[in-house]
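Down below are the structures I want you to see.
In the two complexes below, chain A is the common chain; its partner is chain B in one and chain C in the other.
This part shows the complex of A and B:
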């Protein structure tokens, strides 16, 4: 598992080259993950982080709003006007939550440590993904009653690209932490499927009134089983298409048409 | 309304000598009101650094006088020309600039003290006060309009009277050099704005240092200024427009081609978005985001900086 390289199949080839370059021009911008590179870091400057983390503490009461931002700025000694330091305002507050919780995931769920202590070495990759999903969703608990506001901000046209990219990064992070070692088209489909599952479950969770969010976890499990059945359906369809195509080519060849599949 | 303005413009341009060149303009101006700058040029030591005045290279000590001349001659037609040149878009830029800064008291906070440098006609100042009042229900936030040019300030005072702000103590007008800001105490300002002004300052780093000095720690420096259009095809059109159409408009509407020739040349000379963001950073501010935000494909940009808490 240690040798798992989180790389898109097309970038794998350049990864070894990048390692030698990275010693000269550091930090290297990369869109894949590997143990040969430093882990992803927060895109926020220390001053921004100070204001935003203080502002997040006001979110349960004041929501994702400019009020929370200016209260946060005041808490760490800035002026009200200093919230101009946060270029995208409320959206950056949402993004700060997303980024910090994503980066926290690898600390809160460390399977290598879990395997040693709990004897959980038999956890399969899908089971690990479920653990990670639940862990990440639980990080929304303190602000879940305000999360619809955040989803509203994220769905504004100018914020959609950044929101989708953050979701993709979360999905990538989860597959990496679960030890996924795909290096074919699966790399993409896995991430796309998990993004869909996570986003829909998160939305479900904002409406969930059951005790301890039992319904949310059930919803999550149903989505995972959906994906499994979709996988079955797609592989069945692929088998059928393959069979039919070959049968067709055989028919053509039996009629002396020069045709090979 | 437009006809009245045109007539007024015609009357003013008839009353004022038509200048053949900015150089001559400066001479006429200086013999009337200032120590003769042509003589000053002859006497100035050869080591004095040069600076830009549009595409011309002039001695640093002369630039302020020349800029003053430009703005004295355009003060009364300033907004009409701005509307004509930018098709009214400058109003959108200024509105967005003020809205993004969100001036005024936040719930549970203090009223802000705002310094609008090169804001003689009060364009930004009135928007700030309106925003503070209408959005943040704050009638205490005050703006100091500072400008090096008394003619522009008179224009602003006239408007402040018309809009009823003169009777309140929320706005004040001061003749002030952006490079020194002598009458503004250290660490006293929440928000420093300069809109379409910094390109006329002779020594921009000095102006940035002065902004850093007067701002409270955590205070915000915000600058709205023309910048570079990044898309090459659009830039070609933009350059064509600014060098052939704008001076012509200046001649027709304001009766003053040279001032508007200077305007487009000074825009062309102003540093790029990244360079100016770097200058803001070097003055001791923290850049906001990547340091700038482009408006209308980069025709204008907003630069913001925040004074760090640990700076004096």
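This part shows the complex of A and C:
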């Protein structure tokens, strides 16, 4: 089950692979983001949100389970049976955690305020990505001993598309918050690489017994150095295109066509 | 001959469609320049309060529109780059192509920034457009000046028409929102597209002045290229 998540991470060094995974790994419906018009409303109805957020508080004790769901429903004044209102049951509980923690990032990590208050130099984009990863991973702390259950639910066949898409959205969110302005194939490479790094570190964290998760942060840093200089991942494709263009002009020249690149 | 006539008439039909919009674009020219400047400042915080939320369909339309425009401008850049590589030793054509290319560079730059700003996934077909655009530019230029101009004419006709469709759709989207028509993100987008549309039409005029239609096999060349553009637009808006 977990192997599906583990399979993605490390072998993403080549952009070509990244592209083949892209078909389901990127937020394909990354719809227009407006600064003027209010964002679309939450994917959860108010009733769902109330039940799921209350249920999350029972996860440390009862795990990602229908018990937690029922207790949550009871907390906010619904009958146990109203758990049937939650269309995908326990998976929705997992998804609620994923969605709320993703959306919380932009509030909890405000780089502009951070940089002003510290008087620090502007952080580089990779440094910001690291801050965001750590922040997001720390949001799993209260439920970390239960997170393998969540990973199990996420890797059930019917939940994989939604889980992968949520991972892609997280990666996209982090690059956006870090101020990345990629608009070419780098856009894909960066998102694929970060999805892999994040998913593998999150998995590692569930097995980490070191004090203050020191090993997890080390693991994270090793993943970042694996993907050498994450900001400047030179897409193999760009190089390939350049090569092709030059090869093309060489062919023309060898055919005695008067032409220079 | 009959075919040729058909082409000229469809061409003038497009022009007449463009005329009323082109003239209204003039009155917006100043604002268009300002908005392009605003757009090129990258990620800005334009937060005018209390606009209506955009519907899913509208956000999808905007997503596709900006993606396909970026891809189109990328293609245009590569075509002119290819033509320039062939004609750069020609003192007459060099500045002409350089001028059009420079304008395309600005167009592409603007849409690159809009892609990042509005969090739109760029086209995944970029490697393909890189090769196709460049090959089209070099290929037609090697056939001679008139063929290169026929290529420009075909491409700019498609892009001009495509931009007009977008302007119409955007105006239609905002027809009940007086405030949004006056100012804001979408108004700026309309102005940007209008300004670019006008420049594409200048390129079209340049190509026609340089006897694009006198190219050998003009009808075939034009038909093939315009068909290719239509396919590229269809694919880029989606993939």
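The definition used in the following text is that the second predicted complex is superposed on the first by the 186 of 261 C-alpha atoms of A that agree within 3 Å, B and C clash if a C-alpha of one lies under 4 Å from a C-alpha of the other, contacts with A are read in each partner's own complex, and residues count from 1 in each chain.
The rule we apply is simple: a residue touches a chain if its C-beta (ideal position, glycine included) is under 8 Å from a C-beta of that chain, and two chains touch if they have at least 3 such contacts.
Everything quoted here is computed from the prediction, not taken from an experiment.
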First, second, both or neither for A:172, with chain B first and chain C second: second
Chain B versus chain C as contact partner of A:57, first or second or both or neither: neither
First, second, both or neither for A:81, with chain B first and chain C second: first
Partner chain in contact with A:185 - chain B first, chain C second, else both or neither: second
Partner chain in contact with A:37 - chain B first, chain C second, else both or neither: second
Dominant contact partner of chain A by residue count, chain C or chain B: C
Touching both chain B and chain C, residues of chain A: none
Footprint of chain C on chain A - complex, ascending: 19, 22, 26-41, 172, 176, 179-185, 187-188, 237, 240-241, 244-245, 248-249, 252, 257, 259-261
Parts of chain B lying in touch with chain A, wherever the complex brings them together: 100-103, 105-110, 112, 190-191, 216, 218-220, 222, 286, 288-290, 293, 304, 306, 308-309
Of chain C, residues touching chain A in the complex: 42-48, 51-54, 56, 58-60, 62-63, 66, 70, 85-86, 112-113, 115-122, 124, 126-127, 130-131, 134-135, 138, 142, 184-186
List of chain A residues in touch with chain B within their complex: 45, 47, 66-67, 70-71, 73-74, 77-88
